[in-house]
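Same chain, two partners: subunit A is paired with subunit B first, then with subunit C.
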Partner chain A sequence: MALFPQFVIDSLLQGGLYVLIAVGLSLGFGVTRIINFAQGEFVMLGAYGAFWLLTLCGIDPILAIPLLIVAGFCAGWLLFQATVRRVLEAPALNQIMLTFGIALVLQNLAVMLWTGDLRSASPAYATETWSLGTVVIIRGRVIAAGVAVLLVAAVLVWLRLTETGRAVRAVAQNRDAATLLGIDPLRIYALSFAVVTALGVAAGAVVSFLINITPFMGFPILLKAIAIVVLGGLGSLAGTVVGALVLAFVETAVSYYVPEGPGWTEGIGFALIVAILVLRPSGIAGHSVAA
Partner chain B sequence: MRTALWVGAAALPIAVTLWGPPMAVDIAFRACALVMLAVSWNMMAGAGLISLGHSGFWGLGSYAAILVANDFGFPFWLSLLPAMLCGALVGAGLALVTRRLRGIYFAISTLAMSEGLRVIAVMLPDLTGGSNGVYLDSSLSPGMLAVELLACAGAIGAVAVAYAVARSRYHFALRAMRDNEAASQMLGVAPARFRLGILAVSGAIASLAGAINVWYGGYLDPEVAFDLQTTINAQIAAILGGIYTLPGPVVGAVTTIALGEITRLLLGNTVGGSLLVFGLVLVIVVLLLPYGLWGFVERQRRRPRRAAARLEISEARQ
Partner chain C sequence: MSIRILAGRCGVALAALAASLLPGAAAQAEDVFRIGGIAELSGKYVAYGSQVKRGIETAIAVWKSVRGDKVAGRPIEVVIRDVQSNNSLAVSVMNQLIQSDKATVIIGPGGSDVGAAVVPAWKKTEERPVWLVPGVSSTVVEKNIGKDEYFFHTFSWTYDYHETNVDMLKRALGPDHTVAIIYADDAYGRAHLDYARKYLKEAGFKIVDEELVRAGANDFMPTLVKLRAMHPQIVYTLMQTDDAVLIAKQIRAAKLDPQYLIGTAQAILPEWRSAVGDIQECWTGVATWLPGLGYPADKTEPKLFPASATWETDWRQRNQREAEFMDAGAYVSTMLALLAVEKANSTDRDKIEKALAEGDYMTPLGESKFVPSELAVHQAFSKMVVFQLQKGADGFKSVLLYPADIAQGKLQSCPTE
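Entry: the complex of A and B
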C-alpha cells in the first residue's frame, strides 16, 4: 500500500477535472431536459482555442479562459437560437439526433481546418513536478484541478445567489410555475445553453495542457461526462460532483491495483452506467433538479 | 403498383451485383448492408427505443462470424447463424437489463453497451486478437459473388421481417408503446415481452449485417468493428428516409450511400468531408424534414387532405 497517498492525490486531482467536464452536461440537462451530445465538441473547440492562443499570441491557457468563456457564451447563444430552440418540445429522438448532428459538424469542421494531427499546448508548468517524500505531483494537474474547482464554484454561486441563477433553478424545477411568476423560460433556456457552452469551452482550455488535442477528443470526453452525470443522477449538480469523484477513485484504483488495469479503466464508466441504470436509475444522489 | 415498386427495388441490387461494373457492385453491397442496419434501427425506434449502440450489434456479429470461421472452420453460410444468435441474445439481454428504462436512459445504456463491448474486444487479445486485429482465413471464402448476393438477400429479408411485423398485431402494440408505455401496459400490452422480442429480432438483423460485412472486408479490429460511424450511418439512413415507415430506411440507406459517394467525388478525399455533410443532413432533416424523405413524399401525395395531416402532426407533437 506504499502507493496509497499517491493514489488518493491522483484520484482527487482527476475528480476535480471530471467535475468540470460533467457540470455543463448536468446543468444543461437539468434545465432543458436535453442531453447535449455536442458538449464534448465544445471541450474540443476550447482546447484548440487555447492551443492557438498560446501558439500564435503567446497567451497562457489559464489566462485565455476568460476570453474563451466570452466566445463560448456568444457561440452557445447563437447555436441555441438557430437550432436547439426548435426542438425543445420535440420527442427525445429529435433532440438526440440534432445535438448528435451538431457534434458531427463541429468535429469534422475541426478535422478539415486543423487536420487530425495530435497537438498539445505546453506551458512550462504542464510538466514540472513537486515531490513530497514518495508522492510525485505534476504541477499542471494541480493547476487544472484548482481552476476546475473555481469554475464549478462560480457556477454554484451564480445559481444560488444571483437573481438570474435563481430563475434558472426555478425553470428547472417547474417551468410552468416559473412562467406564471413572470420568468421567460425561452430566455432562461438560451442563457443556460450559453453558460453550458462556455463551461465546455473553459474545460477545453484546462485539458489543453494535460492531454493530446485532436478533433476526435470530444467524444471520449462526452462519454465520461455522461457516465458521471448518470452516476450522480441526471440533473443533480451535487450528484454530479459525487459521480465525478466516484468515477475518478474507481478508475484510479483499477489502474493502480488491477493487473492490466490501465486498459480496463476506459470501460469502467460504461460498466458503472449499466450498473446504476439497472440498480438505481435516479443515480447515487437520488432524483433532484439543478443544484 | 406498390408491389411492382417493391419487386423492382429488390431486383435492382441483385441485377447490379450480377452484371454491374465492380464499383457499382461495391456500392450495391454497402447499400444492402446499410439497409439491414437502418431497418433494424427503425424497428427499435418504432417501439420508442432509441438506439445509440448499433455498432455494438454490428461488431458483435462481425466478431462472432470471424471467430467461428477461423477457430472452428465454419463455412460462410454457417458462420452467419452464431452471429445472428449472438445479436439476438445480446438484444434480449439488453431488453431484460433495461426493462424499466425509457427515452434518453435507454439510449445511454445502448451507447454504454456498444462502447463496453469495444473495450472488452481490446482487452481480450487471446480471443479477439486485440488491437492488432484479426484476418479472416481466406481459404474459407466462398468467393465475393456469393457474399454480395447474400447481402442482397439479407437486405430483402430484413425488409420482409419489418413488413411482417408491421402487418401483425405486434405493430399496434409497438406503436402504443412508442406513444405511451404506461398507458399501453394498462391496455393489456406487456411492454417487457414486446421489448424483448423486438430487441432480439433487431439485434439479430444488425449482427447479420456485420457478419456478412466481415466476409466482404476480411479484416477486423475493435476500432473497425465497434466504430461509432456504424451507429451514425444507421441513424442517418433511417431518419433521412423517414422513421416509423417501411420504405423509409430503404430510401434513406440508398440516399446516404449516394450522398457519401457524391461528397467524395466533389471534395476528393478530404478527410472529414463526408462526415461533415452527414452531420449537416442530420441537423437539417431534424429541423426541416422531421418525417424524412419518404414522409415528405407521402405528405405531398395526400395534399388534399391537408387538414387531416395537420391533425396528425399536432397529435404526433404531443
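Entry: the complex of A and C
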C-alpha cells in the first residue's frame, strides 16, 4: 500500500501523456473517417521542431507550442490539399496506403535532414520534481498532462461553441445534410486535417523532453494512439480520454504490482483492449462523433 | 509487419533480382576484393551502424592513399547495406551479400540483436565468406558461432564488460557495497544480466534488488520507485542507448541518489551524452576503446596503424569529428582484412582466414592477435577500459579509471541533491 499514492499519481500523469498523443488521431477519424497513419510522424516533427528551437534559438519547448501549432496547421492544410483530398472517396485501403506513404516520406526526410541520431530536449523541468512525503512528482509530466487538458478543452470549446466547430460536427454527423445547409465539406475536412496535424505537432513539442527523439519514434506512438482510440471508441474525444486513463492505470498497476511487471505492460494492455472490444465492440464510450 | 519493413524487404528483393539479371556479375566477383558491410544506418542502432560504415570507408581511403587502389592486384569494392536495425531485413541483407554481391569478406554489424539474427543466414551457407564483427557483445552469438573458423570477433563479449566493470568497482571501493541491477527485457539486457550478477556476487557485492524494465518504454518510474526503497549504493544498468537516456533522466527525477551509477557502453556515445545533458555526471562506462589510450604505432605497418594519438588526429581531419569506439573497431577490422588478402595474395577464404589468424599488429585499438575466447576460435581486442564522466572547469570529460596502469583519475561518487 505504501506505493499506492505514487501509483495513482504516475497513472494520471501517464494518462495525460496518452491523451496528448491520441487526441489528434481521434478527432481526425471522427470528422474525416480516415485513420491517419502519419499522425505519429506529425508528433515526431513537432518533437524535432521543439528540440531545434530549444537548441538553436533557446526557446523552451512549452513556449514553442503556439509557434509549432501555427506551423503544423499550415503544413496540415497544404498536405490535405496536395494529397488527402484526392482519396476522400477512395476505398479505405487507398487511404491507408496514402497516409502510410506520407509517414514513410516524413520518416526518411527526417533521417536525411537530421540523421538517425537519438536526441532529447533537456529543459530543467524535465527532471525536476515536487516531493509530497514519499511521493515524487516529475514537473515535466505534470506539464504534459496540463497541456493535454488544455488542448482537449480547446478542441471541445471549438467544436461546441464556435460556428466552424458546429460545422465540423455537422459534416462528421451527416455530410450530405451539412452540404444542403451550405457547408463546404471539403473546406471542413481540410480544416480538420490541419487542426489534427497541429495537435500532433503540439504533442511532439511536449514529448520532446519526455521521450527520445528519433526519425522512427512515430510508429510506436501511432500504435499506442490507435490502441487508445479503439479502446475508447472510434471518433469519440471523451472516449479517448477515458481510454487513455484506463490504459495508463492498467499498465502502471502491472508495473507496480506484478513481479517483472514492466515486461508485461504492453501485453496486458492489449489483452485489455481485446477483452473490452469482445464485450463492447464499439469501445468504452461507444461510437459518437467528435465530442 | 510494418510498411517500413515491407518496403525494406521489397527493396532488397528488387536489388537481388537486379543483381542476378546483370550479365557477368558473378564472373566479376572473382576479379575483385569485395567488402560487404552490414550496418545499421537507420533505426535504433544507427549510432553503431554509422560507425561501422565510417570505419570501413576510412580504412579503404587510408589504404588507397598508402598502397594504391588495389589489394593483391585486385580492385577493391565496398558494398555497405543498411539493415535499418531490423533483424529480418538484416537476414535478407546477409543472404544478399553472400549470394548476390559475392562479398569476399563481411564486416559488421554493430548491435547484438542484429548480429544474433544474421548468424544462421551466414552459417547455413557452405561457402560462407570470412566475417569480421567489430561490435555485437551478446554471448548468444558466441554460442551460435561456436568453433567456426571463418568468424573473427574484434570486440568484447558480454562477460568482458562485467569482469572489467566489477574488477574496477572492487579495486576502487572494496566489495562491502549494496548493488541494484536494472536490466532491459530485450536480448541485450538479459544477456548481460547473468554475467553482471555472477561477477558482482563473486566479488562479494551484495545485490539488493534486480529490476526489469521494458525496452522502449517511456516510463520507468514504477521500477525506480520500488528500487528507491532498497537504498542501493550502486545502481548497475544493463540496457541499450535509447533506454539508457530515459533511465538516466528518470533516475535523477525519482531522486534515487545512489553513490555510483554504472553503465555499459552508453556513456561513451556522444548522442547519449548530448541527450542527457548535465545528468551525465558520475556515470561510468566500459568500452574497448576511447581517445587517449596512447598505443604506439605498429612497427611493420606504421602508415596503416600509426600511434593511436596520430590516428585520432588523422581521423578528426578526415571525418571532421572525433573517433568513437566502433569507428576504431571497423577501421581496424577492415585494415586487418586488407592486410590478410595482401599476405595471402588471394581472395580464397581459407587463405584469408589463415593470414588473419596469423596476423599480429599493434593497432590503434590495441594488439590484434587473435586468440580463442570461451567458445569461439578467433577473438581479439577483448581487453576493456572503464571511464567516468566527471565535471571539470570546461565541461564534462571521460576520465580513465581502469586498468590502473593507464588510469587518469579515481572513481568519484555522484553528487547528491
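Note that in this section the second predicted complex is superposed on the first by the 284 of 291 C-alpha atoms of A that agree within 3 Å, B and C clash if a C-alpha of one lies under 4 Å from a C-alpha of the other, contacts with A are read in each partner's own complex, and residues count from 1 in each chain.
As a convention for this text, contacts are C-beta pairs under 8 Å (C-beta built on N, C-alpha and C of every residue); 3 or more make two chains touch, one makes a residue touch a chain.
Bear in mind that the values here come from a model prediction, so they are computed numbers and not experimental data.
**Student:** Thinking of the overlay built on chain A, is A:Ile211 touched by subunit B (first), by subunit C (second), by both, or by neither?
**Tutor:** A:Ile211 sits against subunit C, while subunit B stays out of touch.
**Student:** After the superposition on A, what does A:Ser131 contact: first (subunit B), second (subunit C), both or neither?
**Tutor:** second
**Student:** Given the touch rule stated above, what does A:Thr252 touch, subunit B (first), subunit C (second), both, or neither?
**Tutor:** A:Thr252 sits against subunit C, while subunit B stays out of touch.
**Student:** Per the contact definition in the header, classify A:Leu93: touching subunit B only (first), subunit C only (second), both, or neither.
**Tutor:** first
**Student:** Touch test for A:Ile226: subunit B only (first), subunit C only (second), both, or neither?
**Tutor:** first
**Student:** Identify the partner contact of A:Gly116: answer first if only subunit B is touched, second if only subunit C is, both if each is, neither if none is.
**Tutor:** Both partners, subunit B and subunit C.
**Student:** Touching A:Glu266 in the superposition: subunit B (first), subunit C (second), both, neither?
**Tutor:** In the superposed model, A:Glu266 contacts both subunit B and subunit C.
**Student:** For A:Leu277, decide between first (touching subunit B), second (touching subunit C), both and neither.
**Tutor:** A:Leu277: touches subunit B, not subunit C.
**Student:** A:Asn174 contacts which: subunit B (first), subunit C (second), both, neither?
**Tutor:** In the superposition, A:Asn174 contacts neither subunit B nor subunit C.
**Student:** Share the list of subunit A residues that count as touching for subunit B in one structure and for subunit C in the other.
**Tutor:** In subunit A, positions 100, 103-104, 107, 111, 115-116, 215, 219, 260, 263, 266 sit in both the subunit B and subunit C interfaces.
**Student:** Which part of subunit C faces subunit A closely enough to touch in the complex?
**Tutor:** My answer: residues 2-4, 7, 41-44, 46-47, 50, 185, 211-214, 216-223, 225-226, 229, 241-242, 245-246, 249-250, 252-255, 271-272, 274-279.
**Student:** If we count contacts the way the header does, which residues on subunit A are in touch with subunit B in the complex?
**Tutor:** Spelled out, the residues of subunit A in touch with subunit B are 35, 83, 86-87, 89-90, 92-94, 96-98, 100-112, 115-116, 215, 219, 223, 226-227, 230, 234, 260, 263-264, 266-267, 269-271, 273-274, 277-278, 281.
**Student:** Which residues of subunit A touch subunit C in their complex?
**Tutor:** So the residues of subunit A in touch with subunit C come to 2-3, 6-7, 10, 14, 17, 100, 103-104, 107, 111, 115-120, 122, 126-129, 131, 136, 138, 140, 207, 210-212, 214-216, 219-220, 252, 255-256, 260-263, 265-266.
**Student:** Mind pulling up the subunit B residues that touch subunit A in the complex?
**Tutor:** Against subunit A, subunit B makes touches at 45, 50, 52, 97-98, 100-101, 103-105, 107-109, 111-113, 115-116, 119-120, 122-123, 228, 232, 235, 239, 243, 270-273, 275-276, 278-283, 285-287, 290, 317.
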